[in-house]
Amino acid sequence: RYFLTGDDLKSLHLTFNRFSHKGDYGKVLLIGGSKGKVGAVLLASKAALRTGSGLVFALVPEDERLILQIGAPEVILANQDEIKGLQIFDALGVGPGWGQEIDISFYESLLKRYHKPLVIDADGLNLLSAHPRLIELVPNGSILTPHIKEFERMTGKVDHHLDRLQKARDFSEKHNVYLVLKGQFTSITCPDGRQFFNSSGNQYMATAGSGDVLTGMVTSFLGQGYPPLNAALCAVYHHGLAGELASETRLRGTIAGDIIESIPASFLKLGIA
Amino acid sequence: RYFLTGDDLKSLHLTFNRFSHKGDYGKVLLIGGSKGKVGAVLLASKAALRTGSGLVFALVPEDERLILQIGAPEVILANQDEIKGLQIFDALGVGPGWGQEIDISFYESLLKRYHKPLVIDADGLNLLSAHPRLIELVPNGSILTPHIKEFERMTGKVDHHLDRLQKARDFSEKHNVYLVLKGQFTSITCPDGRQFFNSSGNQYMATAGSGDVLTGMVTSFLGQGYPPLNAALCAVYHHGLAGELASETRLRGTIAGDIIESIPASFLKLGIA
Amino acid sequence: RYFLTGDDLKSLHLTFNRFSHKGDYGKVLLIGGSKGKVGAVLLASKAALRTGSGLVFALVPEDERLILQIGAPEVILANQDEIKGLQIFDALGVGPGWGQEIDISFYESLLKRYHKPLVIDADGLNLLSAHPRLIELVPNGSILTPHIKEFERMTGKVDHHLDRLQKARDFSEKHNVYLVLKGQFTSITCPDGRQFFNSSGNQYMATAGSGDVLTGMVTSFLGQGYPPLNAALCAVYHHGLAGELASETRLRGTIAGDIIESIPASFLKLGIA
Amino acid sequence: RYFLTGDDLKSLHLTFNRFSHKGDYGKVLLIGGSKGKVGAVLLASKAALRTGSGLVFALVPEDERLILQIGAPEVILANQDEIKGLQIFDALGVGPGWGQEIDISFYESLLKRYHKPLVIDADGLNLLSAHPRLIELVPNGSILTPHIKEFERMTGKVDHHLDRLQKARDFSEKHNVYLVLKGQFTSITCPDGRQFFNSSGNQYMATAGSGDVLTGMVTSFLGQGYPPLNAALCAVYHHGLAGELASETRLRGTIAGDIIESIPASFLKLGIA
């Protein structure tokens, strides 16, 4: 078991060097949103941009497209061609605000057609619990980011903290995925059994949309070419540090949007050029 | 009669402790809005988030949903299932921007189905005045937040300040509700006859939407598990202090959105961690 | 002829006193906007709020309502009842973004039904030029705010600066209106022949929407109960000073929205509590 | 070959003098956007405003108009009359977010009807590559702003850096246009063979929408009356400096919207009054 600190983190980052273009920083696609629940995708998309992604696409129901276009004009909405050619994306983030009524065959097709690690959160996880056959389709090395209730929906009721950690190891190993278990001390479990515990973050991050921000961050790092473990570690730590920085002047008045806007300050604080 | 100061206030707050998740800070639902008058719900929802709510849902006409989704992506729009299962919400805030043409049977059904204290403001109050039988359905311990004209619509014309305070006591006692009577010195009247007078706030808060902000704040504290009286006291005081802080650099140029953005500064100023 | 300075201005303001409510600061209605040109009404409405109005209503085509609701949630969109009961408004601001294809009978009905001074700008002025019989319907004491081209459309081609000032005097006297002639030195002409020249403002205010901001400010002061001359003088001066303050750190990069956000700083700088 | 520095730049600017009105700073039209890709036009339009344009119009599909109206209320959406009377515009910027399915006959008509230099970017360039006959219609002195891939689509695969510069000279001379070739050292190539290399900017500008911001800036300077070369030089340099300033506190967390908001700081830093 490892305790993750800012010092550990520095060496995990890829550099942004002078001779680069936006393609070097990854093209990611965030998939989620349903009528009335599209804010989650907006938060995730903005977080991905602030984490350094070169290009961020979003897929939401067409009637809701203005939410993304007005809230984050830098984001492009994926069209049918872009969805068909999924492989053009360096990473996918799937699930925020999806709702439970999503067309399950679309989800299945997505998992079958995309062959790189992807990030699954929220209703993307709940749908895995409701349709267990889907979990076999999740690409190796993917990153799942459940909070405790979502985790229990996947693995059954957990008795205590140690039981939960064991179940996380079992799940990661069995399905060959990374598991980011969100809570007061977020843990990252690897398929090889290693477990990391995050030291950043505070209680003021227990606010609506905070998890969507994390999804966007993990997807961004993954799309920038980080190995899944490093993507998870960097995202979890910066998410927590951004939350600490955002809450310094806001305390319990901190909201998810503030965390996004503090991501750059987290890079600055850790000296990640 | 009591005069409410910042010192009184501190001890009334529940703590935000390290081992918590967003469910600990309440799930609230703001109900209101009609075509052209949905900004009121946006203001109330944002205020609830800034006051510390873990999850904020809103119910507005479907065609107006983008107002909430773009203006506050952290807010989720309630769907029909969520409205049917009203008991999942820790508190409701009812009335901002509702208009007078609302389907009264929906309001009636709401009051019959929800059994915890709720917050009623604006057209939620005007509809009680227009349909007096509804007032008997208001759950015990609810918080009503009329300004002076709305109060007179409920109780009849008031002659002078003392008469108004007496009518407030009578009303609170008779209907077993807390009455927040908004004005230059906002008063909070309890069913047992106690009356509190707020010392925070200033004339620059006499601006469109200021009352909607208060509604969101009361609903937020109530949803966080505060007893109704404490929810009302904390909301009224922080609302006033946030207004003072917002107006320091804006004077008569202060608008409701500024008050919302100053709620965190109010927590900081009072040392409410 | 008078040269308007900050010192002159202070004594013209009404006070915001402790025992007030939003009704004391006026209820104004901004009328304008057509498909693709509704931003003008949003700018004017926000400017009215920042100038101190208690309640700001807007009337724009229904399909465009989200522009106002999202851009300024404090603003309420007027419905048919509110338009019929025009007298409930303390002041109207008419014209920004209206376009030339507006239903002229609506404009005519508006001028016939509203009996207090109102503010006319932009296409509201162009329509007066195109339909000269309408100008006889403009209420006495109204404030017209043309820029030089709009003025020439009303009075015919002007030869030089002094000719323009004479034509302004003639127009004001004949139609019993106040004329705010916008330019590098904005002049305010009274029906009694007095002319005031503004000393605030700079070249960076020559930007799209700057005039809409002024319209909102004049309407706001008028709705707060200022005599038309004082409303015009205060609006013109604060508009210019806000522009100066906004451009200090932005120079030619200043946009109309910046001017709005600097209105409070103008009050602060002049010590208008 | 020339290396462009801040000192060179100062003398290229036109002054903003006291006796001016918004017409003096140009009326520009940004044309682009398709369903889900309208954010590009919003970014370009805002950049044009921040660069000093007096009036900014945009042409996007009508159903997407709210994106512009809410995101930048200072921008006006062009209607059919305004599109017919193209000559009223001092400059056009064509292409951001257009997509490949645009009605090519509209593009052709545009190039035939507009006789002043214009700015072409993104899909405006890709369409020139796909329909080579169109390139003959591009007005002399126009400014094309491809990134390296877009350039290769126009001229064929490039072997190395020097080859690219030679191809740029050939292309500029042949078609009598200015070529802004975007990359780590953006180059500006003139029809007479001169080549300028920009010294401002950094790797943090390799982010979605950064190119759209540049398009808006070039169009703005062109519309203010700058000769095309000066418009390109000023835009490229300020774009880079604004990016540097925006990224000082954001590093890899910098997004295109930040660059826009730092344009005024670039004027301030160079002392461009």
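Each chain gets a letter, A, B, C and D, in the order it is written, and its residues are counted from 1.
The rule is short, and it goes like this: a residue touches a chain if its C-beta (ideal position, glycine included) is under 8 Å from a C-beta of that chain, and two chains touch if they have at least 3 such contacts.
Since the model is a prediction, treat every value here as computed from it, not as a measurement.
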item: Touching subunit A and also subunit D, the following chains; value: none
item: Numbering shared by both copies at the subunit B-subunit A contact, with half separating same from different; value: different
item: Whole-Å gap between the CA centroids of subunit B and subunit D; value: 49
item: Subunit B and subunit C: spacing of chain centres that average the CA atoms, whole Å; value: 34
item: Subunit A residues counted as touching two or more neighbouring chains; value: 66, 70
item: Inter-chain touch pairs (all); value: A-B, A-D, B-C, C-D
item: Residues of subunit A defined as touching subunit B within the complex; value: 35-40, 42-43, 64, 66-67, 70-71, 97, 147-148, 183-184, 202-204, 206-210, 249-257
item: Subunit B residues within the subunit A interface of the complex; value: 16-22, 24-25, 49-56, 62, 65-66, 69-70, 72-79, 263-265, 267-268, 272-273
